[in-house]
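Before I ask anything, here is the structure I am working with.
Naming follows writing order (A, B, C, D, E, F, G and H), and every chain is counted from residue 1.
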Amino acid sequence: MVQAYILIQTEVGKASTVAESVSKIAGVIQAEDVTGPYDVIVRAQADTVDALGRMVVARIQQVDGITRTLTCPVVHL
Amino acid sequence: MVQAYILIQTEVGKASTVAESVSKIAGVIQAEDVTGPYDVIVRAQADTVDALGRMVVARIQQVDGITRTLTCPVVHL
Amino acid sequence: MVQAYILIQTEVGKASTVAESVSKIAGVIQAEDVTGPYDVIVRAQADTVDALGRMVVARIQQVDGITRTLTCPVVHL
Amino acid sequence: MVQAYILIQTEVGKASTVAESVSKIAGVIQAEDVTGPYDVIVRAQADTVDALGRMVVARIQQVDGITRTLTCPVVHL
Amino acid sequence: MVQAYILIQTEVGKASTVAESVSKIAGVIQAEDVTGPYDVIVRAQADTVDALGRMVVARIQQVDGITRTLTCPVVHL
Amino acid sequence: MVQAYILIQTEVGKASTVAESVSKIAGVIQAEDVTGPYDVIVRAQADTVDALGRMVVARIQQVDGITRTLTCPVVHL
Amino acid sequence: MVQAYILIQTEVGKASTVAESVSKIAGVIQAEDVTGPYDVIVRAQADTVDALGRMVVARIQQVDGITRTLTCPVVHL
Amino acid sequence: MVQAYILIQTEVGKASTVAESVSKIAGVIQAEDVTGPYDVIVRAQADTVDALGRMVVARIQQVDGITRTLTCPVVHL
């Protein structure tokens, strides 16, 4: 199981609808609006790094209003 | 009361109209054009962090020509 | 109550000890190692933005090995 | 007369002492601690761009704890 | 002969089609999807720096879905 | 007299036409295509910082294909 | 098996010795000097994301002269 | 012949001495202090990309007070 934070930038004025839409995607644990260089921070999980990448590209990035996502996989050092 | 600087990037050629429009929004104290990585720097205030976030998303980001905003809340350490 | 994500960059080789030390600070809910432009992502909470700012400067930034922190307050839009 | 915002990054744990020291420099109008990618935001003025550049290098950057400054001159478009 | 890594950012949802299209361009050795601040990393080669620049602008940047490219020429120190 | 470097990012595939168009603007001394995070670097001059800001917004940013400009005034320390 | 590009920034003047040292680490396939925002680009592989994270922190970041690493795992979409 | 702009960040307070020292290096055409995210912008030339890379690492980066250099080769598209 791979977990990750996904830092999202949205089009102006779209942050709250993006957070709400992303929070309903399977594998997404939490999606919250934040201030700063990112607009929404998501916590998600998938079986593998490839599955995580596919979830980001095929599901999360399809949400209207997202301009950039930055995936940060959690590592257990 | 929460105060903040809001660093704004605009579409090319829109900096001065953005500054003028943003300066009329309730809660905005000052909005000025600058050179460098940002195009307009705004000083604003609201009752809470949530109210500040809502002002940025619901009022400032609705101004035509804004591409990114970066909210930097003032903290009293 | 204000909640925030704190994105941390560490000195090379210090990520895991930073995450472990930060996770013991009062107000820190979770601290995890990640890959990408940040090394540790922290979830924290405090009574106000000022208290959050003081926690970051007075407690988290005192942890040996941290070079930059980026505080992203959660907002409820 | 040239006015500018100066966005400052500090060493971890030094934000409040930097803001206090910078606020005493001639030509500095205001210096405040903020959260986000910058730690202190300064408002300053000088007679010319060259004088502003010299103030930043010769006075502000001499303050202990500053790691980077980013000068954004105000422009009247 | 000049070799280079080309770090590509794509529109959301376009990473895999970009990588596939870029991999067919003459001079491109490899094109792979990655997570993080970049979406696709390409390895390419050309006869000169100018030829490399032309390949990036005239061929790679013509691929639908690319928003930014960052060319990093390999140097032998 | 104020001189400045203006670091320009363009839409993909537009770098050379941008450089050519910008080089014809009054006050522009030189405009060249480069590789790296910027696509065109311009050397320009104007009577004052305000005049420089106006040249960037009213003339340079009107050139089709420019997405961001970063003005770096030359200072004599 | 997880593969990744690791984008490395080094202290000034250390790029070539860093590339040489990193290229000898088990799991590193290639390490080359580049120009641009990064100084060395590495191709590496490990059994899992966690093993990759440990290799970066425990082996690569121990190389003298490295100031930042940015790990970009390859994903198969 | 390869020409390049080299964008330099310096330690705080070192910009003018860095510009002066760099301007004396063989192959450097001009070195000027600027405000903004970079502190000194250099124009240089060398016979090849490799020679340019060696000049940056072996000569320019040896100048005391430089923390980062970003080389942007000029390309003729």
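In this text, contacts are C-beta pairs under 8 Å (C-beta built on N, C-alpha and C of every residue); 3 or more make two chains touch, one makes a residue touch a chain.
Owing to the predicted nature of the structure, the values given are computational and were not obtained by experimental measurement.
In terms of C-beta pairs in contact, B-D outnumbers the other of B-D and G-H. If you match contact pairs by residue number, over half of those in E-F turn up again in just one of F-H, A-E or B-D, and that pair is A-E. With centres set at the average Cα position, the gap from subunit C to subunit F is 39 Å. Annotation: 25 Å between the Cα-based centres of subunit A and subunit B. Mean C-alpha positions place subunit E and subunit G at a centre distance of 20 Å. Each of residues 15-16, 33, 35-37, 49, 52-53, 57-58, 70-73, 75-77 in subunit D touches at least two other chains.
If you check the complex, the residues on subunit C that touch subunit D are 49, 52-53, 56-58, 61-62, 66-73. Contacts from subunit G toward subunit F in the complex involve residues 35-37. For subunit C in complex with subunit A, the residues that touch the partner chain are 4-5, 7, 15-16, 19, 32-38, 41, 70-77.
Residues of subunit B that touch subunit C in their complex: 2, 49-50, 52-54, 57-58, 73, 75-77. Listing the residues of subunit A that touch subunit B in their complex gives 9, 12-13, 15-16, 33, 35-37.
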